[in-house]
Amino acid sequence: MSKLTHIDGDGAAHMVDVSGKADTVREARAEGKITMAMETMEAIKANMLNKGDVLATARIAGIMAAKKTSDLMPLCHPLALSKVSVDFTFVDDGIRVETLARLTGKTGVEMEALTATSIALLTIYDMSKAVQKDMIISDIRLLSKTGGKSGEWWAK
Amino acid sequence: MSKLTHIDGDGAAHMVDVSGKADTVREARAEGKITMAMETMEAIKANMLNKGDVLATARIAGIMAAKKTSDLMPLCHPLALSKVSVDFTFVDDGIRVETLARLTGKTGVEMEALTATSIALLTIYDMSKAVQKDMIISDIRLLSKTGGKSGEWWAK
Amino acid sequence: MSKLTHIDGDGAAHMVDVSGKADTVREARAEGKITMAMETMEAIKANMLNKGDVLATARIAGIMAAKKTSDLMPLCHPLALSKVSVDFTFVDDGIRVETLARLTGKTGVEMEALTATSIALLTIYDMSKAVQKDMIISDIRLLSKTGGKSGEWWAK
Amino acid sequence: MSKLTHIDGDGAAHMVDVSGKADTVREARAEGKITMAMETMEAIKANMLNKGDVLATARIAGIMAAKKTSDLMPLCHPLALSKVSVDFTFVDDGIRVETLARLTGKTGVEMEALTATSIALLTIYDMSKAVQKDMIISDIRLLSKTGGKSGEWWAK
Amino acid sequence: MSKLTHIDGDGAAHMVDVSGKADTVREARAEGKITMAMETMEAIKANMLNKGDVLATARIAGIMAAKKTSDLMPLCHPLALSKVSVDFTFVDDGIRVETLARLTGKTGVEMEALTATSIALLTIYDMSKAVQKDMIISDIRLLSKTGGKSGEWWAK
Amino acid sequence: MSKLTHIDGDGAAHMVDVSGKADTVREARAEGKITMAMETMEAIKANMLNKGDVLATARIAGIMAAKKTSDLMPLCHPLALSKVSVDFTFVDDGIRVETLARLTGKTGVEMEALTATSIALLTIYDMSKAVQKDMIISDIRLLSKTGGKSGEWWAK
């Protein structure tokens, strides 16, 4: 038998049955980072002092992407997300994004938090690529997962 | 004036005018990586010997996501992609994905290649997360960009 | 603190947490109007006597748009709508649309009713614009909102 | 009064109210078939021995389409599917697909199972049409429906 | 080498390169049928005499589905369709649908015509299923394909 | 014969054939207004001084909606928009939005500009409705249309 729950006994992909699971409050947090040159960060910070649309656009893109997760991940269940947030922090060599997704439902929201992180970072890349093309997106990972039968999980 | 082309003179986001650009063949390649434990790689390799649906699903997810790029990135233009491919390689500590997007059109396809990479990696995470939750997605970057007025660009 | 619930304490947009709210039957009604020339109304009424596809198409567009609300409004929650209806009335100088959305869930459906109204009106515009381009869409507003903790609200 | 529940007393389409219905486990199974030449079947079977991406792609397409049912069928309710599976069997003159959809919710999932069947079959057509254009898709029908007030239904 | 163009030399799925193909007018026609009981046909015909929303809804669903083809078929190219039509004919034991899709572009529109056919038929099923559950959808096939390098093709 | 181009000779809806039209630069501008209380305007202006996410979110919603026009209007052609912008002006009793859509293609972009206007206004409503529910959206109309065989059109 496969350890991969999304694969049935014959090796075929399927959407796992969650109909027997309880509706509980579930939450996931994820993070990721985009590394960029000082010049690129300066351009984004200059925009922050003006209208700030670069990070506002990336935040909206992340939130909207969380809602599209089941349309992007073939085996994710459609979920009625009850909260999504996307936060940015300037670090030494780029921007760190941290996302949170919450749900009252039958399955976890890790993929929603991770998708919001990835798309927010890609949107920063998109809006800054005229200045710099060799930015790198990295360190995308789950930070925590709470709620549900399997209990809490925290990244080390 | 902003160096960020997606921001107008007032600091507001807009979709850049490409109506005056020529229809040429444009191509972009991107890559990324998911780091995982030996046990997780073994589970995926075992599936490869069986039906192989894990990587087939991730490949399809990446290709379909490339087609959704303008729906995910707020300021990307809708594009009639003429080719997308997604390839996987097992490396020492995980799986590397390389994607290619091609278009005959008025603007580049970097974001399409990068989106395919990101979503393919997230799908591998989704299908393997029952085995391991602390996988890390990293090194997502543009490898090359050809076609269009700005000429060729290759990652160092 | 902001009075705008979709904005957090730092002024950033987020999707508000509704996980603690009760699942109750919630309903919203909205209305709007498209003003047109007599000639345009006559063309639509002539179609009513034939197959009636103009208003049938606008009705379907409105119903389908209500289901897309959370994909259109960046901070709207995805909702499992339990009923949507779209009704048209010919008035002196155009067509009035009234919509109803209902849900058993954790948050209201005002935006779903308003989106159905707007898209139904735009569809009438689209199907009639070969006859008249200066039609005006106006008076889009919420008529009532019932269910949920904040109680009933009726437009004056 | 119309026997067609999706049509109101005036003959107009609407999305039926299910807000008063109970949340129960509901399930539907559907099937369909694509008839093809021996040469086409051989090409697909040869791929099965290699990576097997033809049927893996069709399976993923079917599962993802089930999740899009309410976006395709104008009057279907958006549903939080809890399970979807798509299975293929080679028969004498083609490939048979059988799908299953399950939900804990207020309305049945027949359309989700039928949509998964139809799109999986169309995807096989798409991937094989370079070999054969006159394949025929047929015998798409509901096999069973369980759960909900109206009770069980089984195809004869 | 595979005869299946959507599969590369390694057996993996990819979106075929059409960037070198010419922009020409391409057209495809498809058909399909839904078999139903006399009682169900009578209910639909009765609606035709009233507002006619059953077939109007199915027509709109078919047209909109044609536009979603590349979102449903994993390896279909996004296409800028220039025309879609969906026509219904009552036959002895059900309803026949015929669809037409046209494009000025680099690849054929067979899948667009077939998708419009399938979704129009499923919508008729959806709107009539309260009356009859054992309707059968069948005989979905390509009728003709014109334009492009491979020339014309007509079903026998 | 119908004057409504989206209706064929039998009164049925269809997507009009544009395959014979020339690819030219086409542009449309639209406007609309949301009327609100002084208190609501003050809350939005206070946010402008902070991060400004209210209008940034509405701007992004409008731009993204323009790209979804053919998915919302049943008979609109899918278009490869080359530019979209959304601008806001505070007026005495509310906020005015003006949008611009541009395309090199075979058909006009009036519906794209009007859809961007409508969804931007609805997003302002959504983000402000905790403060005021009786805001009214009105005066949505086409301002101008240029390019294409039918020539220029300007609102009086």
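By written order: A, B, C, D, E and F. Residues from 1 in each chain.
Here, contacts are C-beta pairs under 8 Å (C-beta built on N, C-alpha and C of every residue); 3 or more make two chains touch, one makes a residue touch a chain.
Everything quoted here is computed from the prediction, not taken from an experiment.
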Distance-maximising chain from chain C - centres being C-alpha averages: B
Copy pair chain B, chain F: interface residue numbering same or different (half cut): different
CA centroid of chain B to CA centroid of chain C, Å: 36
Chain B and chain E, separation of their C-alpha mean positions in angstrom: 30
Distance between chain centroids, defined by C-alpha means - chain D, chain E (Å): 15
In chain B, residues with contacts to at least two other chains: 12-13, 51-53, 56-57, 59-61, 64, 68, 71, 74-75, 78-80
Graph class of chain-chain contacts, one of line, ring, star, complete, other: other
Which pairs of chains touch, using the document's own definition: A-B, A-C, A-D, A-F, B-D, B-E, B-F, C-D, C-E, C-F, D-E, E-F
Sites on chain E touched by chain F in the complex: 25, 56, 59-60, 63-64, 67-68, 78-87, 102-104
Residue ranges of chain E touching chain C (in the complex, touch as defined): 51-53, 56-57, 59-61, 64
Contacting residues of chain B [partner chain A, same complex]: 2-7, 10-13, 32, 43-44, 46-47, 50-54, 56-57, 60-61, 64-65, 68, 71-76, 110-111, 114-115, 118-119, 122-123, 125-131, 133-142, 145, 153, 155-156
Chain B-facing residues of chain E, complex: 8, 12-19, 70-71, 74-75, 77-80, 105-106
